[in-house]
Amino acid sequence: MFELFAYGDAGWGDEILRGLAITVQLAIVTLPVGLFLGFLAAFASLSGLRPLRALGFGYTTIMRGLPEILTLFVVYNGAGLLLNKGLRWWNPDAPPSDFSPFAAGVIALGMVFGAFAGEVLRGAFQSLDKGQVEAGRAIGMTDRQIFRRIQLPQLWRFALPGLGNLWINMLKDTALVSVIALDDLMRMTKVAVGVTKQPFTFYLLACLIYWAMCVLSEVVLAQMERRANRGIRRAV
Amino acid sequence: MTKPETILKAEDIHKSFGRLEVLKGISLEARNHDVISILGSSGSGKSTFLRCLNFLEIPTSGKVTVHGEEILVKNGKPQNVRHIEDIRSRLGMVFQQFNLWTHRTALENVMEGPVQVKREPNAEARDKAEALLKRVGLEDRMHMYPSQLSGGQQQRVAIARALAMEPDAILFDEPTSALDPELVGEVLKVMQSLAAEGRTMIVVTHEMGFAREVSSEVVFLHEGRIAEQGPPDEMFANPKTEVFERFISKVK
Amino acid sequence: APASAQSLRLGTEGAYPPFNFIESNGEIAGFDVEIGLELCKRIGVECEVVAQDWDGIIPGLLANKYDFIIASMFITEDRKKQVDFTNPYYLAAMTHVAPKGAGITEFTNEALAGKVIGAQSGTTQADYVEATYPDADIRLYPTQDEVNLDMASGRIDLQVGDMLPMLDWTRKSDDGACCELAGEPITDPAFVGEGVGIAVRQEDDELREKLNAALAEIRADGTYKSINDKYFDVDVYTMK
Amino acid sequence: MNPIEILFEYWPRLLDGALMTLKLTFLGALIAGLVSPGLALIRVQAAPMAQAPLRLYVSFIRGTPILAQLFLIFYGSGQFRPALEEWGLWTFFRDPFNCALLAFAMNSTAYQTEILRGGIMGVPQREIEAAKAIGMSRSKILRRVVFPHAYRIAWPALGNEVILLMKASALASVVTVFDVMGRTRQIFSRTFDFSVYLWAALIYLCITAAFVLLWRQAERRLSRHIHAPGTPRASAQPFKESQA
Amino acid sequence: MTKPETILKAEDIHKSFGRLEVLKGISLEARNHDVISILGSSGSGKSTFLRCLNFLEIPTSGKVTVHGEEILVKNGKPQNVRHIEDIRSRLGMVFQQFNLWTHRTALENVMEGPVQVKREPNAEARDKAEALLKRVGLEDRMHMYPSQLSGGQQQRVAIARALAMEPDAILFDEPTSALDPELVGEVLKVMQSLAAEGRTMIVVTHEMGFAREVSSEVVFLHEGRIAEQGPPDEMFANPKTEVFERFISKVK
């Protein structure tokens, strides 16, 4: 049976590894996009401007209520069409533009991540101690400095557990891009199944690989949380 | 010693929260070397007034002048917003709850202002911070996080942090009332030594001993107004108003 | 327009042996792909093969994810509303497939009521099944591979598929040995249309013409036949 | 076609899909809801060794994509058809609906178990003692004291889990179970009209919103005793739960 | 009145938590109509002893007999586990923190035991529960949840709950010490009336007044042993041990 997983032309080891690489790439590229959107959403929900707050609320609520796969299809099929329609309306001679499954995956997963992260970050902001900010004001720090030097570093402590969960969910959600023909781990597994007719073997393998990634993530996250909490719990 | 010059001047400060008018026109002047104690029962507006001085609360109206720099407030709008950070950096503030930054060590807490706000070079700021922490008796705690320090030690770090900005005056909001009784002494000692050095200080306190012995002037707030004001010996010996008389009889 | 470009992208599905499928080395291969690449050569451009799920294959073309589709797509009226087709590059017929010895001989709605019938979602086969057997239990799969997989494991009683892939599957593959073609080939033009064509965007007339010309060329010089013979016993261009 | 026409032409299919989505979600949550209390008790009370398989199960479910679990169960079971037929299980696995339901129920069981475990651990120990003190048996204590509290504590989290399950059920379409998502993809592959996705989004949002409202209503009933109306609260209780 | 018979008997109760031996052999007998007060300084093991009587803590060794039903414990293992629930249902218990079931109304709290444990019909249990709540002065609070009741009211519901089981004896663990001083009286009054009715009660308390006036016997625990025991008048008048003397001088 092990020749099935062999590396090289005969076995599926190399294809699956290549798929794994795409999955990891996708997750790693999505993370900053999602975090960025999350911060935007959090700022919007906390802003003093009512329309901005409504926008933040709408984005986080709607995105969290939709199945991830629907979001993915909307982005993948819809955004491409819209983009081209828009381009052509603006300039009828414009060459049709391209929208790769990878980009669609990053945008869709990033939007989902951003919506959940927005809530996590908002909660974290709200649990920050007001006195910490006031102490910054009292020595004449600007709002920017207060955000960068005081709020942001302390934010991690509150946000990390939530963001960690989101990361793990996102890692798993990358499997959805297989449905739009991005050659990630899940899709390469499907291809292998199509040829070898051994669905159980290969899907189980895929599960085990995802599982390993999640367990590894949990270990790393626990480490990061310990670091973020340094100085908070009594070290003595 | 130099001749007393006006460092901080507050004129006709009003402050309302919603419909509740908490400060009903308070004026105060602090000259060089003044140590002003602000007394008053709970809810009389002491903290609010102190916080208005460095614009942690924006007054509803009034004028604050620090060392020539002035900010006028009308209808809750400061007329010169740019100067607010400037004024803040000239007035040190020590909070009841210390408000040390929990993610930084004692030393980093003290260095933060000089490096980030005054843009002093790191090495210089570090030397100064170390000297200040030694000054408040914490030379052996410099690299500890706030959570590893006792309340009294945290408050001394907070005082060092305020001093590091080389402020024209320091505001204290009940600096000892969140402390266990046995820790109060160490903080009062540091404050006393600051007064002895000739620092200008404005102190909201419930420590009558401190108010009587250390301060050069006592201000008694009652329901958002200054009910009585003067040198401590005189005031405590001959309370002029009934409210102040009742107040000192209660707290003693 | 991309017709004058130096390189083109060829969209196909990759789950439809022997027309298009992914080999164990990860490359996409098959009759469609070989024909497509040969046409590119004749036009004088480099072609990159892009895999795309069937559901999204026409939107993908419209969204410019590739420049033409060569994926065993029947030329139908519905599709013509969205894209333009070249001349057919092979003729099409559909067929029923049933497990060996299932004894299904009558293909009417009444006879098949309650039977589980599979087809690939979004294909003309699916349309045919839904239109012809409304009382059956119809299962639509994302890919033909998955229909086959489930037919082999016995989840479905009958499937409707493209003639050629089904021939190939039942005769040449291990798992396809479970099953055999049943009934007459389905050639109803309402479903099968004019045959199988290459789809291009409606504004790309130039590309379409070039593809037509190239197709005629390989047909004439025997290249088509040599590719054809690698995969099939009959000439799929004429089905003879 | 414009969006309204799409809706006019295809609403029976979308409705059909919506019913399937509801059916999958409801049954999946229900099955998990029946199994999870027992498992949660094991997680709270059993010896660590006895818990090991359960923890492994929960970790596996939480660490793998539900899409992969779905494929594993659906196509994977096909690989074992002879064995399954021998045990008489093939009739179950033959139906894609059953496979999808099994996947979702197993998934939700893992999550619900963990949520309920948290709820059980949050039950005030003192109330359990009071029940012991009047001579209640273990099973009665569970039924009358532990679970009513545990469910109240876990209620909001359980609601979230049901919504997550509903969203996950959109994957059923990849194994030929035609829920809202499946119907939508089908309509899209016929019309290539993007607006059908927007209708699908609207359907999902409506289902979620309706569910959230219902769930809150139920929560209010469950926590009557916490913020009961119409009594002076300021004058009452110097001792509340939290002060113990 | 019937002639005094033994209702509850504890013999040589030992209890250790890990290596800490909290009870070092305590024996006690309660006869019909006895009101026994258990005194002792904090940590002397009063609560632990009381909880051993109805097996909320399993003693390390010893024997408890309630109305003929006996449970022997050796090496921390009760020899007859089946009887534990039985014994518990015969001994009412009132806790310091009341421990009402927060998700049930006062009435439901009182009905719970009779219906669920004694399998009384609902209607009957309801009548009895209403009577009992009236008895403790809460006829107008029957349908309220514990969170809507004051501490004193909650404790009275807890007493009614214990009474509803018609126990042979009631155990009280500092029933008034979690109450605001102004609420203590109402609970003591109920307890006094129970004593007057001739109920058998064992009460851990710090209320010296209650111990002296209401109880028929006082037991003083010290470091896990009975240091002194006897009728209250005698004991308080002539403390025999130094520790008890010190104790009463402290609490008065």
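So that you can tell them apart, the chains are marked A, B, C, D and E in the order they are listed, and the count of residues begins at 1 in each.
Definition applied: contacts are C-beta pairs under 8 Å (C-beta built on N, C-alpha and C of every residue); 3 or more make two chains touch, one makes a residue touch a chain.
Molecules present, by chain and UniProt name: A, D = ABC transporter permease; B, E = ATP-binding cassette domain-containing protein.
Note that this is a predicted model, so its numbers are computed, not measured.
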Co-neighbours of chain A (ABC transporter permease) and chain D (ABC transporter permease) resolve to C
Counting hops between chains that touch, how far apart are chain A (ABC transporter permease) and chain B?
1
Shortest chain-hopping distance from chain A (ABC transporter permease) out to chain E
2
So if I superpose chain B on chain E by CA, what angle comes out, to the nearest 5°?
180
Comparing C-D with D-E, the busier interface by C-beta pairs is D-E
Farthest from chain B by Cα centre, which chain is it? Let me know.
C
Taking CA centroids for every chain, report which one is farthest away from chain E.
C
When centres are defined as mean Cα positions, the distance from chain C to chain E in whole Å is 84
Compute the distance, rounded to whole Å, between the mean C-alpha positions of chain C and chain D (ABC transporter permease).
40
Using CA atom averages as chain centres, what separation in Å is found between chain A (ABC transporter permease) and chain C?
36
Would you kindly tell me how far, in whole Å, the mean C-alpha position of chain E lies from that of chain B?
55
Which chain D (ABC transporter permease) residues touch at least two other chains?
75, 77-79, 174, 185, 188
Residues of chain A (ABC transporter permease) that touch two or more other chains: which are they?
77, 81, 179, 193, 197, 199
Which residue numbers or ranges of chain B touch two or more of the other chains?
none
Please list, in label order, each pair of chains that touches.
A-B, A-C, A-D, C-D, D-E
Residue set of chain E touching chain D (ABC transporter permease) in the complex reads 54, 56, 85-93, 95, 97-105, 112-113, 116-117, 144-151, 154, 158, 161-162, 165, 178-180, 183
Give every residue of chain D (ABC transporter permease) touching chain C within the complex, in rising order.
75, 77-79, 81, 90, 94, 96, 174, 176, 178, 182, 185-186, 188-190, 192
Once bound in the complex, which stretches of chain D (ABC transporter permease) touch chain A (ABC transporter permease)?
59-60, 62-69, 71-72, 75-80, 163, 166-171, 174, 181, 184-185, 188, 194, 197-198, 200-201, 204-205, 208-209
Quick one: in the complex, what on chain C touches chain D (ABC transporter permease)?
54-55, 58-59, 62, 78, 82, 118, 121-122, 139-142, 146, 149-150, 152-155
Within the complex, chain D (ABC transporter permease) is touched by chain A (ABC transporter permease) residues 62, 65-70, 73-74, 77-78, 81-82, 168, 172-176, 178-179, 186, 189-190, 193, 197-201, 203-204, 206-207, 210-211, 213-215
